[in-house]
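Going in written order, the chains are labelled A, B, C and D, and every chain counts its residues from 1.
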Amino acid sequence: MKKLINQPEDFVRESLIGMAKAHSDLLKVQFEPTFVYRADAPVQGKVALISGGGSGHEPLHAGFVGRGMLDAACPGEVFTSPTPDQMLAAAKQVDGGAGILYIVKNYSGDVMNFEMATELARAEDLRVLSILIDDDVAVKDSLYTQGRRGVGTTVLAEKICGAAAEKGYDLADIADLCRRVNLNGRSMGVALTSCTVPAIMKPTFELDADEIEMGIGIHGEPGRERMTIKSADEITEMLAMSIFEDIVYTRTVREWDESKGGFVDVQLTNPEWEKGDRLLAFVNGMGGTPLAELYIVYRQLADLCAQQGWQIVRNLIGSYITSLDMQGCSITLLRLDDEMIRLWDAPVKTASWRWGS
Amino acid sequence: MMTKEQILQWLEQFADAIAQNKEYLTQLDAAIGDADHGINMDRGFQKVASQLPKLAEQDISSVLKTVSITLISSVGGASGPLYGTFFLRASTAVAGKQELSNEDLASLLQAGLDGVLQRGKAQLGDKTMIDALSPAVTAFTQAIGQGKTTSEAIQQATAAAEQGMQATIPMLAKKGRASYLGDRSIDHQDPGATSVYLMLKSLSEVLGMTSD
Amino acid sequence: MKKLINQPEDFVRESLIGMAKAHSDLLKVQFEPTFVYRADAPVQGKVALISGGGSGHEPLHAGFVGRGMLDAACPGEVFTSPTPDQMLAAAKQVDGGAGILYIVKNYSGDVMNFEMATELARAEDLRVLSILIDDDVAVKDSLYTQGRRGVGTTVLAEKICGAAAEKGYDLADIADLCRRVNLNGRSMGVALTSCTVPAIMKPTFELDADEIEMGIGIHGEPGRERMTIKSADEITEMLAMSIFEDIVYTRTVREWDESKGGFVDVQLTNPEWEKGDRLLAFVNGMGGTPLAELYIVYRQLADLCAQQGWQIVRNLIGSYITSLDMQGCSITLLRLDDEMIRLWDAPVKTASWRWGS
Amino acid sequence: MMTKEQILQWLEQFADAIAQNKEYLTQLDAAIGDADHGINMDRGFQKVASQLPKLAEQDISSVLKTVSITLISSVGGASGPLYGTFFLRASTAVAGKQELSNEDLASLLQAGLDGVLQRGKAQLGDKTMIDALSPAVTAFTQAIGQGKTTSEAIQQATAAAEQGMQATIPMLAKKGRASYLGDRSIDHQDPGATSVYLMLKSLSEVLGMTSD
């Protein structure tokens, strides 16, 4: 395994220095604790959006810092949740007086670290809420697992909520919107190859030359099932069917309750989808997948959605939430409403995503 | 009985054990997680080890609190908040003590365990570090209740941790990343339970070196 | 080797169908002969820009069809030049009455096919000019070789000339501008792994686990030199130094002469660069390279340029001209003038590149 | 002498030879090019082969022109325009002929060669298809000058093409993709020269089957 790196332990740091040099008009990078923030932060009167998680998923999250998306991103080590001090320092840096929303992918490490950060921030009188993204239908139940992982919907939630913050939504409304996006998003991924973590330089898992892993997350975790490679159309159908056939999913998550001044358990249930619903279809590359292959997948996905009676009214195709050099893809379908569409179309200007500005 | 020096020796010993088992822990995590547990723990405990000389002047509770803050701000992942919370609660449990009686040590361990349970919401049998930590705390408390020496009690706790660690092998994971694997998590030893065993083992090595 | 494909011979076609389905607002796809064109083509009174080449370099070129960039792209089979009938049909489709420029990467196949297309188009009274891109400094001389390959500068020329066409430049001026961009662009690439062509499903070349190929093109051709892997900083320095130290390069190319009504030999020489010159730095991923690694390379490149007394005033970092799933990167430096900067900053709206609109 | 039927047989035979050597040609191209020469040629000649039945009614020149257009619009790469030009010029050289005398065949080959030289600007020794084609044309012209039969002449041309093809092995490439390799192009046989040899070999097989 070969990589364009120097010392593995400098991977995250040097990559962020590169970002800072390349995009000084858009963002700034701070170390110890490490976070990336909008060059013009704090934006007074605007709700600040912060996300973060292990590195290795680039462009997520640092590539999405800027106008119309995130105010700050907290990168951890590769595939390792960042720490509460990073999240707290970022919150202080970008707080524009209208409150802060942490967008958190549902992994035990991320959840615990962001919970600690929320407690620390609240103790310092920062108005922080946090919303979990848990959209991976590969994880069937939440009773016997950590609950569904946060994957592709994270990207969509950051875009939509970022636009809402820019338009002046208040903190509670953005938190509601973020929760709604999450409840309407469903994802499923497949790996053709393992990824290789820089500090290890060996593939995280071994796959035979004709094997694939179905139902993977974004950290090189093995998936739910290993199978013989199939055609792109068959793989797309398996991914899409897992999403289409997903049953109503209910889980208990912890959210900060402002009136109670602490975390409370909240039960959330995904709404059912109905024929005629409008969808955003997101075909995501895992980092080592050629763009042309993603279009082959999209081609089949579009047909399958049409057969199910769903309308794709927006799409996103490219490598936005990756697992280092892994080959493979994930599909995310988000059921849209008018408000989400308006916010999706709003301008965005970040290192890795730009339109309308 | 356990002195401040022994606390420092324990932390050093544990940091060493982590460094020596860095690859092993990471391999265990590669099988059912994301191949970083050894790297995470080592990053944190190298930092702890480098701070130990400066901590010689502080009392036990402050030492444990510094360890907690260091781990929380440098380990990340799941193990960062969990080990961080363990040492934070441990620190609070022994506030003001210059030396630890067996009862003090028991409440240190119990408080640490309670913290990890609260933070992680895992239960015994979920295939996590709880499966090594919880039996260890029970064994220690029982042993001192039976009048065993610190050294004997901690050796029984370590044995319990080792058994608990091994008992994770046939378990189906219900918390942490391994839970995503469903049945495929079976037949693998939990990395967090393994690092907890190393923590107990380091403690018993330090306490075994002295007469109580 | 595993890919998200169906039958290898359907790779290009199915990928284009996916593009057509995903981006019907931006582009249309035509088969037999195959080309991709702007949904609103022909744009009356605007010079039409057409490029093309073998497939496998996505997003180049089809991903750059749209406002502010290309009017049409002619995709060949994987790594195989498209054919003259594609180029002729595309020209007829997008001709807005102000003439057509073919932007051609310098490979024997592309050159010969585009020359035949130019002859065919001229025979049908279409006003076509064509400009060659030959910017790869890994190819030292042009006397004993096919001449330098066209690589990264192609992307930059398409953006800059596309903006010029949108602003109403006439055909001769755009051809001059395109030639100027080419003469001021220099590129050099490295492969960490081979790519794998869908029809073959074996890596094109074999590299040991610790070997890299320096001075590669974009078709999985072996490079000039094979060496042991080095750190990202060392690799970046080797690439950058090849560009910095490039000697004045002269070659003879064939361009259409409107007064003579035929192709004529034209001698072109790259201008020397001087301290203080303003550069666009483009760090390009080869298709399988994680974005984070490209930033590590950029970080070092920015320092090296500063040490040489050159100012990076614009940059582009990402996978824009790829070799299927190859891991590795290329660096392109383009010496800018005010006009190029203005055109670079102009709006663009294509499937894979969008800003300001 | 060569009839229209033999022209059609030749094209069929060549298409077969390409199909059988598709992987071999591609492997040769993988070593010093981009691993597609066999695929390119086969794509074009499969199309040619499928058109042959429809061409039975046309004259020789029209057959060759159809082949040319088919190759130009389906092969792509470098070999598409080069083989396309070869057959285009060959078609023009035999315009109006119902049968080809040895002299007609010589001018067909010479015109084809000239077209490839003009289109590709390669010279003898540049390690391209020219290195097989040019000696073949010379050998054929010489042989008929010496009064050899068509069959004998084409066998000598084929032998010359084979030698020319083998002679590309030690050459340093100066045209086409292989030229980028510099010294590393040495010790590999040129794929285009190899397909040209197959073209001549198919021709001599067809002509060898008949008495002149």
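We adopt the following convention: contacts are C-beta pairs under 8 Å (C-beta built on N, C-alpha and C of every residue); 3 or more make two chains touch, one makes a residue touch a chain.
Just so it is clear, the structure is predicted and the values come from calculations on it, not from any experiment.
Colleague: Quickly list, by label, the chains bordering both chain C and chain D.
Modeller: A chain counts here if it touches both chain C and chain D, and no chain qualifies.
Colleague: Report the inter-centroid distance (CA atoms only) between chain B and chain D in whole Å.
Modeller: About 76 Å separates the centre of chain B from that of chain D.
Colleague: From the mean C-alpha coordinate of chain A to that of chain D, what's the distance rounded to whole Å?
Modeller: 56
Colleague: Measuring centre to centre with CA averages, how many angstrom lie between chain A and chain C?
Modeller: 32
Colleague: Taking the touch definition from the header, please name the shape of the chain graph: line, ring, star, complete or other.
Modeller: line
Colleague: Check the chains against each other and report every pair that touches.
Modeller: Those chain pairs satisfying the definition are A-B, A-C, C-D.
Colleague: In their shared complex, at which residues does chain A touch chain B?
Modeller: Residues in contact with chain B: 33, 54, 76-85, 107-109, 112-113, 115-116, 138-140, 144-146, 149, 197, 199-200, 204-205, 217, 219-222, 224.
Colleague: Report the residues of chain C in contact with chain A in the complex, numbered from low to high.
Modeller: It comes out as residues 1-6, 11-12, 14-19, 21-22, 55-56, 58-59, 63, 192-193, 209-210, 212, 229, 231-233, 235, 287-299, 302, 315, 317-319, 322, 324-325, 327-329, 349, 352, 354-357.
Colleague: Given the complex with chain A, which residues does chain B contribute to the contact?
Modeller: 26, 30, 32-36, 39-40, 43, 72-82, 84, 119-120, 172-177, 179-182, 184
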